[in-house]
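First chain A sits with chain B, and in the next complex the same chain sits with chain C.
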Partner chain A sequence: MAIAEILSDRTSLVKVEHMTHEFRSGRGKIVACDGLNLMVRKGESLGLVGESGSGKSTAIRLMQRFMRPSQGKIWWQGHDVTRWSERRLKPYRQKMGFVSQDPYGSLFPNRTILGNVIEPLIIHGIAEGPERMRRAEALMDRVGIAAIHQQVFPHELSGGQQQRVAIARAMALGPDLLMLDEAVSSLDVSIQAQIINLLQDLKADLDLTYVFVSHNLAVVRLLCESVAVMYLGRVVEFNRTEALFATPRHPYTKMLIQSIPRLTDEGVSALPEDPGRGLIGENSGTGCAYAARCPLAVERCLAEAPGLRQLPSGGEVACHQAK
Partner chain B sequence: MALVEIHNLRVRFETDEATIYAVNGIDLMVEPGQSIGIVGESGSGKSVSVTSIPRLLPRTARVEGSVYFNGKDMMRATASELQAIRGHQIGMIFQNPHAYLNPTRTIGKQLMEPLLFHHLAGVKRARAMGMEMLDRVGIVNPKARFDNYPFEFSGGMLQRVLIAMALITGPKLVIADEPTTALDVTVQAQILRLLKEMQRELGMSMIFVTHDLAVASQVSDVIYVMYGGIVVERLPAKQLIRVHRHPYLSGLLASLPRVDEPVGRLPFIPGLPVNTRQPLSGCPFYARCQWHLDQCQSAPPLTLVERDHEAACWLADERRVANGQPS
Partner chain C sequence: MATSSRVENDSAPNILPTAKRRSRAWRRFTKNKLSLIGAVFVVIVVLTAIFAREVAPYNPLQANFLETYQGPTWQHLLGTDSLGRDMLSRIIYSLRNACIVGFGAEIVELTIGLMLGATAGYLGGFADTILMRVVDVVYGFPTFLFAIILVVMMGHTILAILVAVSATSWVGMARIVRSQVMQVRQSPYIESARAMGASTWQTVIRYVLPNSMGPVLVAVTFGIPANMMIEAALSVVGLGIQPPTPDLGELILVGQSAVLSYSYLLIWPALLFALTLLSFSFVGDGLRNVFDTKSDR
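This part shows the complex of A and B:
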């Protein structure tokens, strides 16, 4: 996202500026996020897609300040929270919910469903007694958990029901923003459809905004206004959702969209062919991270890492060759 | 001779509170070199069915019926016979990589294990094969990654390690349970190509369990659709869209989000999943089926509706007419 725009912004829900994160291990370091610039405005849900291991989960964990970045800044509602203590963050955390891929793992197994949903209200000291109970019940009602299920334990519910509870819990404090990391991937197709419908409704009715990480591009398309495509720790393309799907610019995005298995009335798309090693086949370390696989790569791509640049047609792309 | 032959497989779990009827009589056949896709509702018995082939179900499982692998009666195989088959002739890729990798051992050590355990290679050769396999599943810079620990890999990268482990011995059969759900579509395509390649090179057979109907029809020859612990439809993969008969499969196809359709709400199958705590009676889809008749309270058998195509629905023939498809 254009850095000038990010720097001048005062109203976004979350933004990150040159955010970098390194993991160190015995054998050296892994740069999981490499100078990310991202911004999420109210009503403008952001999809994060890209190669597995490209740093999407790391980015979303940093944005929630579950970790501190090695470099760069994180802003919540105009405050630089990069170095804030957990105590200072707490009141702001209410405005931000999180839903993970594993609904069961995110619930307390020895508390009832109601107990799980009410817990954040207790921690943050919101409402009391019957009023607190009423709020919890209203939340469960909203996500479609029947009254008879409120006194049971998480393991007695199906995966789809557990995910509804996880969403209710994430919404307990009335957040403006929900961050969802592969939140529908493990669900059955028909249940996935119901959860997607629920997320569409919540967005429309409650003015919720999402940061939505997913490998399923068809789902991202249904829920997000814009999409950032990540490759090896960097954003390689950013655009409005329709534009990104209609005219992908970065060679990686093109391949991503071409690789989606499609069912049409004629049958299924063929397995895409092996794109091979690209023209160069080896990364130089200094150049574009995609060079080794890229069909468009030229000398310059090995020498110089492309930064994100604005395209006249709209959108941004980090590629020397993209038009 | 078929490589895998399953007849009337039934699996129950006896727990403290209840009996769970997980698989209620399925037949399944895999020819050498063939690939079978299994799709179906969560809890419909897909994982339990395929785990019964290498006999890896927990002790609480009560298994009936017959399972043959490569001519061997697996229900009567001894522990040492089973050990020789698992991880060598049958490679397995499971849903949750975290549960199958040891967090305290490096990726490389775990990858070499099947080769060393089955005496298929010495350490030096195993190491080389491990690196090559990591490269083939698309792990960038395998040399540097070989000595990493599982926590240093993302979920999708771990899944690829598991795939590499399953394929490294060149098995006769690979059982892949949701192997690509955690991967982006380009890596997914790469893994699917690798699996197809191994099939060609080694004549390997494959059983591929997935929620993604498009992927299932890309990689399989035949698709089995499961619901409520039985097979409700079996059809050639290439014809999935055009000739499907069972109302459950129609509902499933309708609820798939597609990239080329208008943005909006998705159709879904209303109603609750099957209660596995009761023995099956009648059609398992009865309560959710918009077409059901009184007749459907008795179980519809899996019957041939056309060449290579079976469905378990009393209306399988009428619905074809209703859909206006040629007979």
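This part shows the complex of A and C:
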């Protein structure tokens, strides 16, 4: 067991243990992430899905150590980096690219497109003058930005092109892992498809692994081998992508999957409304967070918070009622 | 490659050649014609100050007792003063002090303001609290009174005046830089910089400060004339550059004492001073138009 764990650590790019993060504000504290346990292995992309406020963006930021978790540990390639200084993290950041939700805002407005892609090479002191240019141009070519667009500034490009540039920049240091935070959410649907195709191509060609945060299950399904469904800071269901879509166990996952709009021959199927008629107990702080919306809720759900448990059919689910 | 064939679907943005893009800033600047006129005037003033020796027709200190209080003539375009010194030459040389103090003090203010403002704004928290309390304290000093005290203590040299003028006026700059940096720090691209492993120093120097510069530059163009004003005012109360070195404040002071009989002694230096200050304001307005990108992205 111990040896197996060490071996699995070696292939794990990022691992988090009991990761908890609280934001303190004037009105009290908000628990954005509550005891997350996740592992990203090489070649096994992870999708994080959930509604707004479920803590998925916080989770991906913690995984990149943009902030320190209130509790728990973060491992990169087998190293516990929870308390590491930025200086120590720097070489490891080469292996980890980040693409944010806002393509325009994430590009340096004072640099040209080419300048943006060269920037990580400068920060890490990799390659020199003409070699840098060559590498950046190769990346641009790879993501499909034409040469005439390379000398312009980010605001002169369309959203889709901006996101291509952001992806090229994230890949400039040759990472194994790309962290994508809602990377296609702000784009038009047709452009989304282009970016997803690009990401699929890159994944296959360069052996990349993704951590993909999204509220869009369909996108995650296309890009990730496994999916973690988050609800109010906790993982409520974790499974391989095919299994999760074929047989969702948690009532929240079921609801999410049902709420994907479908176009059929009969027209657009009506979306199920969130029942929202669960049980609301007096001590709702202790029980399952989803109980208030859950159609399956029983008394036990109010008294006792379900932990993630292994199902015989594979996958993990945090629900007393799920089988 | 498979990906490049799909690119054509992206809506093509209007790509401008570099030269045209530069001219967009220029077009915004010149949208207000006064900004252009102001800029031209400022450039003339600065060049005149630098090349005062070449431009001035006479030695500004050379008295000529045969030609006192001459009105404008072909020999002396702006006339002569009570000692027969050429007014045009004196005004030209007086621009030197105005420019040295105006620009020099602004450089000092900018340096201090950038360092303190960026530190406070980027680090936030405790460092911010301490630095901003220091700024609050200095803000409470009466600028002019403090300048007078400093000049009295340090002597009437140009260096003392420069220090006196910049001693308290950096606080405004520090506040502007801080608020800009606090705003830019929130931008998604700062997070991108962290993701690629940029150190705090690299982040501030490469991304935060360059993207905070707009309002700072506007503040600089308003700060320079403010410094010139203090410098001239020090002269008026007799604490500026010592005569006989010409100085705009001193020229105006002398001019107004003779305004009833020899009004040109007041009119020319006062007019030039007013126009210089006004030009800087117009340039500042123009720059504001350039950096106010909200109107078109």
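Here, the second predicted complex is superposed on the first by the 307 of 323 C-alpha atoms of A that agree within 3 Å, B and C clash if a C-alpha of one lies under 4 Å from a C-alpha of the other, contacts with A are read in each partner's own complex, and residues count from 1 in each chain.
Keep this in mind: contacts are C-beta pairs under 8 Å (C-beta built on N, C-alpha and C of every residue); 3 or more make two chains touch, one makes a residue touch a chain.
The structure displayed is predicted, hence computed values, not measured ones.
When the two structures are aligned on the shared chain, A:259 is found in touch with chain B, with no touch to chain C. In the superposed model, A:191 makes contact with both chain B and chain C. In the superposition on chain A, contact is made by A:106 with chain C only, not with chain B. Once the two complexes are laid over each other on the shared chain, residue contacts for A:221 go to chain B alone; chain C is not touched. When the two complexes are overlaid on their common chain A, residue A:246 makes contact with neither chain B nor chain C. In the superposed pair of complexes, A:147 makes contact with neither chain B nor chain C. After overlaying the two complexes on the shared chain, residue contacts for A:157 are found with chain C alone; chain B is out of touch.
In the superposed model, A:123 lies in contact with chain C only, and not with chain B. Note: residues 101, 158, 160, 190-191, 194, 197 of chain A belong to the chain B contact set and to the chain C contact set alike, using the contact criterion stated above. The touching residues of chain A, when paired with chain C in their complex, are 64, 66, 86-87, 89-91, 93-94, 96-98, 100-102, 105-110, 119-120, 123-124, 141-146, 148-149, 151-153, 155-158, 160-161, 166, 169-170, 172-173, 179, 190-191, 194, 197-198, 201.
The touching residues of chain B, when paired with chain A in their complex, are 41-43, 140, 144, 147-149, 152-157, 159-160, 181-190, 192-193, 196, 211-215, 217-219, 237-242, 251-253, 255-260, 263-269, 273. Those residues of chain C that touch chain A in the complex are listed here as 1-4, 6-7, 9-16, 18, 21, 187-189, 191-200, 202, 206-207, 210-211, 297.
Listed in rising order, the residues of chain A touching chain B in the complex are 23, 25-28, 30, 49-54, 57, 101, 158-160, 182, 185-194, 196-197, 200, 215-219, 221-222, 232, 245, 252, 255-257, 259-272, 274.
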